Amino acid sequence: MDWQLVLAILPQVVIDGLVLGFMYALIALGYTMVYGVLELINFAHSEIFMVGGFVGVEILLSLQSHGWLGRINPFVALILIVLAGMVVAGLLAVAVERIAYRPLRSAPRLIPLISAIGVSFFLQDAVRLTESLWRNAFYLTYPSFAVLNRRIELGQSIDFSVKSIVVIAASLAMLVALQFLVKRTRLGRAIRAVAEDQPTASLMGVNVNRIIALTFLIGGAMGGAAGVLFGVQYNTINPFTGFIPGIKAFTAAVLGGIGNIPGAMVGGLVLGLLEAFAASYLSLFTGGAFGAEYKDIFAFSILILILIFRPRGLLGEVVRERA
Amino acid sequence: MRLHPVRSLLVLALAVGVALLPSASPLEAQGKGTIKIATQSPLSGELAALGEGIKLGAQLAIEKMKGPLEKAGYKIELVPFDDQAKPDVGVANAKNINADKDILVVVGHLNSGVAIPSSEVYKEASLAMISPANTNPTITDRLLPNVYRVCGRDDVQGAVAARFAKENLKAKSVYLVHNKNQYGQGIAEFFQEWAKKNGMTVTGFEGTEERANFDPILTPIKAKNPDVIFFGGEYPQAAPLFRQAREKGIKSQFMGPDGVDSTELLKLGGDAVVGMHFTTVAGSVKEYPKAREFAEAYKKKFGKDPEPFAAQSYDATAIGLKAIEAALKGSPGKTPSREAVAKAVRGVKHAGITGNVNFDEKGDPKIATYLIYQVAKDWKDNKLVKQLDIPTPAAPKKS
Amino acid sequence: MSGREPVTGRAAITHAAVLVLIAASATLVYALPRSILAFMSFQASLVVVYYARLPARAKLGYGALILGLVMPFLGSHNAYYMEVAIQVGIFVALALGLNIVVGLAGLLDLGYVAFYAVGAYTWAVFGSPQALKLFPTATGLFPLDGWWFFPFLALGLAVAAAAGVLLGLPVLRLRGDYLAIVTLGFGEVIRVLANNLDKPWNVTNGPKGITPIQRPPLFFEPALRVLGFEVSPFALYPLYFYFLVLAVVAVVIVANRRLERSHIGRAWEAIREDELAAQAMGVPLVRMKLLAFATGASFAGIMGVIFSAKQLFINPESFTFLESIGVLAMVILGGMGSIPGAIIGASVVTILNLQVLKGLSLWLNELRNAGITILGYNLANLPSQFEPAKYERMVFGIILILMMIYRPAGIIPARRRRIETAAPPEGAAR
């Protein structure tokens, strides 16, 4: 075993894991909030995330084709596309709720879940259809900014790119803001009330439908932001990008304790780091017998283990069985 | 809900009317009937551009060269099938093709993983398959009597790439990444085989289906700092992989096989892929003096430049047409059998636009061309670095 | 579907109409080998038989006539229809298996093709030279002789059922929606394993897939020859597999019906309707759920064995998540918990995928090539990405959403559901 190599890549693996973990955390928020309020796995959330990524790339590409891209400050452009991604993804999430979930709110639990799977598949192909009609291609690349790709060197073997710092900072800021919103504002109290007990909340004068729509809006916006950041970080997006990160983010939400916002963050980070470690080191430690390709198995095994041994997750409370 | 048989009879009568509408006209073809050539290639999905090129190349060939057969009284038609780059779909299409007795030749596929099971189906009907693009050795090494290809093979291509890395790029170490499909893993293994035999250090061999986040693969690569990174696979993965590698500060040279040969590689990969090398069995049209006319006709008809394999498909279709003509001579007066056509292909000597093709006993071209390109800032300016005509290795010994 | 009715004038008309319908649609298929609509009208004749006002025995007779006689005849005339029929049969069995898990027991399994894969690989590994890579010394034994195919039908069933129990044991205590995600993960795990287990031990040959896989022996061929039929194996195998699939489907249907009406079936439905209440009534939850999982898995396992033998070649791409969702869409479309529903759902979705979407694509292509102008729009300009065959995900998605919103019980609701919706208990709004 080449311990020197193992140590040499350690800092980079940690950074990779953190970037990935914050991305999972942002996506996981959408799952956790919706689950907290409706007890529904919003299967389509991974596609909301993907749509956010497409909004970002479409804006950048059209700026580029007009020749304006070089003239704006990259950070302004970044904020612009993140906001646009949040708005579009949030509205889409609300629309999905209105069309595919609200009519089924009183149905048995499997029914809206199946509808959610349907929405997820529909959105993948809908994006593919529009992009291929519009650009005759549905694998798109984010134009890159030199500033964001610059690498900061710390010592000899450690360096990281500006954009990974930006991604981490942006995610952290959004997570903190959301936590504040839910815990400290009237709106947040209403959301928590609806999550706790819908009929009672409604008796207390909370407009349940509006609050649920708002939950979708916020969760969707976080997913959209994650989509744009994902595109900026890995600079590639396609209609099927969302699926695997979506499942992993759900795993992260369960890992942290579903319905719990700090839990989503902790779960995301733990999963991101574990995955980065597994994928980078598996091949080194096993002499090439197993490789990075097992990283998805790794994530799913964690999910299964957590559900068996600690179904309420790391920070979660006991989930009551509701009829 | 109750369907009454009498009512459904009425519906059936209506359906008959509709069913007859589209099928009525082609049935009344003049003369001796219709001969069809089928193409099977992915017309959808990420490889659609290449698959479309195969279809259009065949279409052009039929339009240019159907003369003799039309004179003999046949109507020549192209039937394009979309195999979606999936083995299941390819096999189902193949059964559909077998069932259409007018189809005498299949031109296809793009993906070896689809071509192998599909050709087993064609074999059942003794239907000739002429492949413009399948480079996997297994295609012809099974010694099926009906399978041909006009391009080179991956065992040679992988060795050519490895040799180029060692001799021209002066690489001492190489890191191999592949996309975990039959084609990509295969060519990476052939690269590895040659490299190990010839004293290069293979610092890693990793497969991945990942399409976006290549961090965990690139981090060890960066630490090992190989001279060359070779990606066995196709451009939708190669482009982001190489791009992220450069962004991570990896300075190795990049290489890939013919699967990355597409303008999309440059569009998706940007500056990161400029200067990289790739091997291919299908040179760009400008490499073939005879192909200029083809390229112009293609552009005029379809409004775009021919994709890689379009010219090969043109040649494969031409060979198919020639074989049909030859078989027709063998049985004057009646439409030749599929078996006769499949046999006749072996005898065709074709001076094609991508080179002279005549087949060995496996169905491989006796000599195939392998080219190495360097990617330029504009895809059209890609530089041909090396061109090699290499005889095809002999058939494997039957064990 | 009631018992015997006296043969009245009306019944005679019905009989005659059914016969004419079968004959007419079969003639159409024969005369127009490439017309999709003709073949669909033939398939529709089966549905008409099912719904016709006829005694059950007559329906069975007509069904046997269509499936046992007319279809093989048409299939030997046009091998493509045989392929379609075989694929429909395979998916009918898969849908019936999933129907037990999702429809009867109410456990949403999103990784159902994993069991199909397990069955397929069980035979593929041992019925091909692949086994020699695992046991290089056993050159005398592997690849196994074609006769082993039959014991492997049972083995595939057993292995898949065991996989179902293995997965079920830890996860079946989970709540329904968690279970869905875990099964999804399991499906992916099986696919990734199949894709990666070419090292350190070469079990599955990875993405390169396994070929050639042995087919069951044509043991009846000498008999045919004695009778004076000279048929090539290529023509015989589709028929052979057709009847094999038909037989398995028949067994699966019978098993399904018996299970549904047994106390096990009622226990499953109790679990589906209300887990807590069922438990309170003494239904052993975990055991019953395990049984549902294992039963469903075993149907997939046996079909997997047949699939690999029919296909001669398998690789992990045949066992993706999309396939699982496809089977789920079949069950949902037909009606959860409904046997005829699962059959219809599987037929409709398979034919939609194999024939209608592809047919539309080909037709569009012809129009594009012809360059016909409609309303001033030249069809030659139609973007090449607009191919209906590419959008099966969209089709599945729309099926799932619309069915859930407008007809959650499916095209043919399960009997019990039909009874429930006909006479709702007072005040019950579900």
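We call the chains A, B and C, going by the order they appear; numbering starts again at 1 in every chain.
Methods note: contacts are C-beta pairs under 8 Å (C-beta built on N, C-alpha and C of every residue); 3 or more make two chains touch, one makes a residue touch a chain.
In this text, all values refer to a predicted model and were calculated from it rather than measured experimentally.
Interchain contacts join each chain to each other chain, per the touch definition above. In terms of C-beta pairs in contact, the better-connected of the chain pairs B-C and A-B is B-C.
One inter-chain figure worth recording: chain A and chain B are separated by 38 Å, centre to centre, where each centre is the mean of the chain's CA atoms.
Averaged C-alpha coordinates give centres for chain B and chain C that are 32 Å from one another. For chain C, the set of residues that touch two or more other chains comprises 195-196, 384-385, 390. The multi-chain contact residues of chain B, meaning those touching 2 or more other chains, are 180, 207, 209. Residue positions 288, 291, 293 of chain A each touch two or more of the other chains.
Touching chain B in their complex are the following residues of chain A: 5, 8-9, 12-13, 16, 19-20, 137-139, 141, 144, 149, 151, 157, 159, 161, 230, 234-238, 240-241, 275-276, 278-280, 283-284, 288, 291-293, 295.
On chain C, the positions that touch chain B within their shared complex are 13-14, 17-18, 20-21, 24-25, 28, 32-35, 37-38, 40-41, 44-45, 47-48, 51-53, 78-83, 87, 195-196, 206-209, 211-212, 234, 311-313, 315, 317-318, 354, 358, 361-363, 365, 369, 384-385, 387, 389-390. Considering their complex, residues 1-6, 8-9, 12, 15-16, 18-20, 22-23, 43-45, 48, 52, 59, 78-82, 84, 86-88, 91-93, 95-96, 98-100, 113, 116-117, 120, 124-125, 180-182, 185-186, 207, 209 of chain B touch chain C. Contacts from chain C toward chain A in the complex involve residues 102, 106, 108, 110, 170-171, 173-178, 180-182, 184-186, 188-189, 192-193, 195-196, 199-200, 274, 276, 321, 325, 328, 332, 383-386, 390-391, 393-394, 396-401, 404-405, 408, 429-430. Remark: chain A residues 39-41, 99-100, 103-104, 106-115, 117-126, 128-129, 132-133, 136, 243, 247, 250-251, 254, 288-291, 293-294, 296-297, 299-301, 303-304, 307-308, 311, 319, 321, 323 touch chain C in the complex.
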